[in-house]
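For clarity, chains are labelled A, B, C, D, E and F in written order, and residue numbers in each chain start from 1.
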Amino acid sequence: MRILLINPNITQSVTEQLARVAEAAALPGTRITARTAPRGVSYISDRAEAQLAGAVVLEVLADEAAHHDAAIIAAFGDPGLWAARELFDIPIVGMAEAALHTAAMLGERFSIVTFAPALGSWYRDCVRDCGLASRLAAIRSLTSAFGSVEMVADEQEAALADLCRRTVREDAADVVVLAGAPLAGLSARIAGSVGVPLVEQAAAAVAQAELLARLHPAARGAVRNRAGKQSLGLPASLTRLLGQDHG
Amino acid sequence: MRILLINPNITQSVTEQLARVAEAAALPGTRITARTAPRGVSYISDRAEAQLAGAVVLEVLADEAAHHDAAIIAAFGDPGLWAARELFDIPIVGMAEAALHTAAMLGERFSIVTFAPALGSWYRDCVRDCGLASRLAAIRSLTSAFGSVEMVADEQEAALADLCRRTVREDAADVVVLAGAPLAGLSARIAGSVGVPLVEQAAAAVAQAELLARLHPAARGAVRNRAGKQSLGLPASLTRLLGQDHG
Amino acid sequence: MRILLINPNITQSVTEQLARVAEAAALPGTRITARTAPRGVSYISDRAEAQLAGAVVLEVLADEAAHHDAAIIAAFGDPGLWAARELFDIPIVGMAEAALHTAAMLGERFSIVTFAPALGSWYRDCVRDCGLASRLAAIRSLTSAFGSVEMVADEQEAALADLCRRTVREDAADVVVLAGAPLAGLSARIAGSVGVPLVEQAAAAVAQAELLARLHPAARGAVRNRAGKQSLGLPASLTRLLGQDHG
Amino acid sequence: MRILLINPNITQSVTEQLARVAEAAALPGTRITARTAPRGVSYISDRAEAQLAGAVVLEVLADEAAHHDAAIIAAFGDPGLWAARELFDIPIVGMAEAALHTAAMLGERFSIVTFAPALGSWYRDCVRDCGLASRLAAIRSLTSAFGSVEMVADEQEAALADLCRRTVREDAADVVVLAGAPLAGLSARIAGSVGVPLVEQAAAAVAQAELLARLHPAARGAVRNRAGKQSLGLPASLTRLLGQDHG
Amino acid sequence: MRILLINPNITQSVTEQLARVAEAAALPGTRITARTAPRGVSYISDRAEAQLAGAVVLEVLADEAAHHDAAIIAAFGDPGLWAARELFDIPIVGMAEAALHTAAMLGERFSIVTFAPALGSWYRDCVRDCGLASRLAAIRSLTSAFGSVEMVADEQEAALADLCRRTVREDAADVVVLAGAPLAGLSARIAGSVGVPLVEQAAAAVAQAELLARLHPAARGAVRNRAGKQSLGLPASLTRLLGQDHG
Amino acid sequence: MRILLINPNITQSVTEQLARVAEAAALPGTRITARTAPRGVSYISDRAEAQLAGAVVLEVLADEAAHHDAAIIAAFGDPGLWAARELFDIPIVGMAEAALHTAAMLGERFSIVTFAPALGSWYRDCVRDCGLASRLAAIRSLTSAFGSVEMVADEQEAALADLCRRTVREDAADVVVLAGAPLAGLSARIAGSVGVPLVEQAAAAVAQAELLARLHPAARGAVRNRAGKQSLGLPASLTRLLGQDHG
């Protein structure tokens, strides 16, 4: 099974970190193709950046979807997810969505723990769009400054573990999702000290993508018919796709 | 991986039908143990029957959970699900819950198609308890009489396929979940004529159970601490479990 | 009028305490039959215990409903309530439900004050199932340890009164419900120091049960038709009831 | 026990009809004082009329509350209810509110059946303000013309019974509330043909008022403190009341 | 364009303050007629006072609507708003509603900052009735005593600015609405120190009223048909209006 | 006042039609600059196209915002709206949002009438994102085929007017919003036959943009702080903007 993992930001080291976690969690026969957004920002933290990134995700998918069995949009917040499902025939999962639905089968209420307060609004919208707002205990974030996004999980490991414990205790969370690509891989290091399941976003994403590809190889039809449209100035593969009637 | 599939009703043939679909969908290394409720009703269609069945599910789990990596509560409606998560350390998924979360990653709005109107209230509560009410397009049901519950999928195949097409067209459903144990296995036969993904409840359940057991082998802690309680008149295994402090 | 009060836990002293409060609040002609669950746990504090208790409630009702005009499920959290309404013809009220609807006619926002944080999730589900979540100000609980459940109301009277005053001041509650069978009878002792109405759960339950029995002696039909089912291994009275067509 | 029943419209015959139904449903020791609004409209069917009527309700209460143990605002829609609770110390129930909370203890979903489509918006707001929107199955109304408001229950008895049966069948209602003062007393005549409990609005109101007066004779404090205000041009009793500090 | 500004309380100085702010914000050709309620209370802070004030608003409108192009109900909380729209043909805006909808086009989440905790319940209902509860970040209020309502904005300017900054920081508000007639005009003095847009309630109200009058000079039909009613004891202009069929 | 009107699709004739309606509705001193998306699709009808269009909207704004006092995103569905508010200092309104908030001040419940069923999901999301779902009566759409998007308003004028009348009658809508750029200008031609206010989307947008620019010339700060980001492959103006710290 071939799974496309798209990092919607332009930082190659984040792509590699996500791919490592995804590969470690994948089933034996799964091959992961990791792609970094060819344009965009160094990391995505609000809806302006997500709007731009989501458009780039569609371009990457237009080039690559036909050669894969499923795709992962590997930024917590899922830029372009609902759009992608309207254009492509393979199953597509958002990394946030996969983590949230997985969390929802492990306990009644989940919390999201992340590294910067600015991410809160975007993540809250994402939970609402998944329809899971009634299952959310809280969104908790580091508030102190940190050195660099790539290093935040290492630098702030103790503080992040502490946030996890606090949301279990104070917000009555049954499960915690560590959110934001720079936290990929952190759950294994701190799980022991938290006492409730920690959902690893990239692991949940690859496993849900495998599951969907196995059970629903042709997701075609998952959204209603679309009429082909003329377009202008878009990459060739996307132009072709947008021009096709569907359904 | 050993997965326990509990049919909460007393009908052995339904257990076998669910097990066949689950085995066909399972990963190579998965072994499924199917158990039929030792007491209860012939099939479950309302909350009175679900209340009784859920208690029996806890008894079966108390005997069997320690020998399995995950468990499935294999009645759409998930009797005893939230209770079971408070007592057992292995991942436990409800067949309805698994189908609904899977559907939610395939399209924006899902419909539930089932075979008897009486099931509607119970299923609607189940969607609400999963937190997914905003993703529900409609619950559609056969209204005509049918010969027997075991035969309803065969007898009414055309009518059920027609209900699926109608909910896509009239309720704007992007995905359809075929609900109720007697419909296990039906999706493969009618998928071609519907045009959107049909979620097969027992397949979704086994795949989500495998996924959770793989990623979260120890679900302990998924719910908050419970104090051991004295009990009276309950089976020995359950008595022992209820008597333990947890957390 | 004969009212059946079922204590779903196995602790006889709690049954007696509830019966005393209910009798004190009942109308002159009301006779209360108090029954303690013949099996189950010493007190109920989560959904696992509620699942088991709810099934036992149905068994007690199957034996006793025909000789009573109404029944009370006398554990805050209302185990088996929605199930019971599908099987029995007499009005049945949950002690939580009765307290919450009564509170909702005394002020805009009510708070729930209880003695252990573990009860929070179960009570929150109960408020949601009643449809009254928009009227809930807060659920507040003691967090300190206490000696025994039977003694908690006496030992912690001052702390519980303080919680009531705090939820009025900080959560803008107009009414407070003292929740959990061990707090039965407490409201009379602390009402004077709180300044807003305190709903006494067992009093509200008996009064609402009387009201329903007076206005709706035949609640038959309150839920839609149910088809008789074959069953196995259940007590004779329940087997007979489940086997009847209804509607 | 003395209960004040305020008809917020100016039609004396409606007051008498409501009082008859309330008296028939009251407990032995209850005496009902019926008051017709001294100014206002012949019957209330929208929020403009309810706004005016609610102000008059406050004036009647200012004159009468001190001589009664509880009060009923006897127009479905409950004009002035939330306002009245902020000014008066006796329990006050709205006729709609009482019927809806009673219905909510008889079944899961209730429908409202009434005689004119214009009432729909006002009644829907009322259900929402009670916090019970999730329990509402449907609001169904006659759409045909009728001779007079006083006669509508007699003239349209068959059509109203038919609406009740339809909402049970098509909207899956477990209980039906007959709404609007002109339908007072109708439930007894058609209950036999509907098959689910019909809540009689004036009976529910008087019984809930008795219950509250019995359990909560001093409702003072049910709403938070209010500071006394200077006022101008209002009746003397209301002026005095508004001028008092409360809390 | 002639715009009627109705102050629903009886305090002439508040009317003048609101009119000054509204005039400063109005378009060149706009003439504002300010009216003070002929009866009622010195300022409105709960639903009891709002119920009375709303009825008086209808009387003022009955006299004046025909000579104006639009009307403003100039108390935050909008007493009588939904009622007024059912009776009058000109556009009518509530001062709260205008501020909230304007805020909703400036940022995702707005907070309300006001001067007395007692206002909280009334304002929260108002946000809910506007349908904007999901956009509300928080309602924050002064809790300390103040000298007089007319002077509160001057006396407490620093404390109110501080509340604005706190709700931006702690509640993640993108916009702040200063609420309550006595705060009219305050936004200009503190905007510089807050860092997010402050919506000036009287300015928003006059601008939205102008906009509606320009785009929708005949709002007739905005609510569904109403049948003329007989009435008793109401002012002549209102009697005439209530007596007319509409639609 | 200079207002930027961005048509997010590539069809110049639609831009001209929107500009004509906006100019006709604008205040005397307003100058409108109309811009057509430099790349994208011929018209936008789903979230895939909206995702791409929203990114282009940000590019146009990056070039033009500094020379304007406010901007309109002139596609019903508001592609890029929430993103744009995070990057730019001038007020920005979505054409849908402006129409919906305006409608919400004209009546209690609004309906959306449009020309193609495919638009339903996108528009429903838009209403939800505005927080106005509780005010929506229905979304109604033509279901028959039509010749061309540019001509649909002319060809289907009678059918669209009929849809408006039906949603007033059957869905109890108080106001109707004609939605979708190809319907710009239609309201004036059919308003007479509908009987409730019809909100003209482009007129509402320009008027709300003027209002915001007048009252809130500096919207800076309307969203919380954003840190400057490195970016790659984006247009120069957007790169510069994304690189700036804000707040």
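Note that in this section a residue touches a chain if its C-beta (ideal position, glycine included) is under 8 Å from a C-beta of that chain, and two chains touch if they have at least 3 such contacts.
Values in this document were obtained by computation on a predicted structure and should not be read as measured data.
The chains in contact with subunit C as well as with subunit F are A, B, D, E. The chain with its CA mean position farthest from that of subunit E is B. Centroid distances built from C-alpha atoms place D farthest away from subunit A.
Chain centres here are Cα means. That of subunit B falls 52 Å from that of subunit E. For the pair subunit B and subunit F, the distance between C-alpha centroids works out to 44 Å. Separating the CA-averaged centres of subunit E and subunit F is a span of 27 Å.
For subunit E, residues that reach two or more other chains under the stated contact definition are 82, 108, 117, 121, 172, 223-224. Shown are all chain pairs that touch, namely A-B, A-C, A-E, A-F, B-C, B-D, B-F, C-D, C-E, D-E, D-F, E-F.
On the side of subunit B, the complex with subunit C involves touching residues 10, 38-43, 45-52, 54-55, 58, 80, 82-84, 86-87, 117-118, 121, 125, 223-227, 229-234, 238, 242.
Looking at the complex, you find that subunit E touches subunit F at residues 25, 27, 82, 85, 91, 93, 97-98, 101-102, 104-108, 130-135, 168, 172, 174-175, 194-197, 199-200, 203-204, 207-208, 211-212, 214-216, 218-219, 221-224, 247.
Those residues of subunit B that touch subunit F in the complex are listed here as 108-109, 172.
Looking at the complex, you find that subunit E touches subunit C at residues 117, 120-121.
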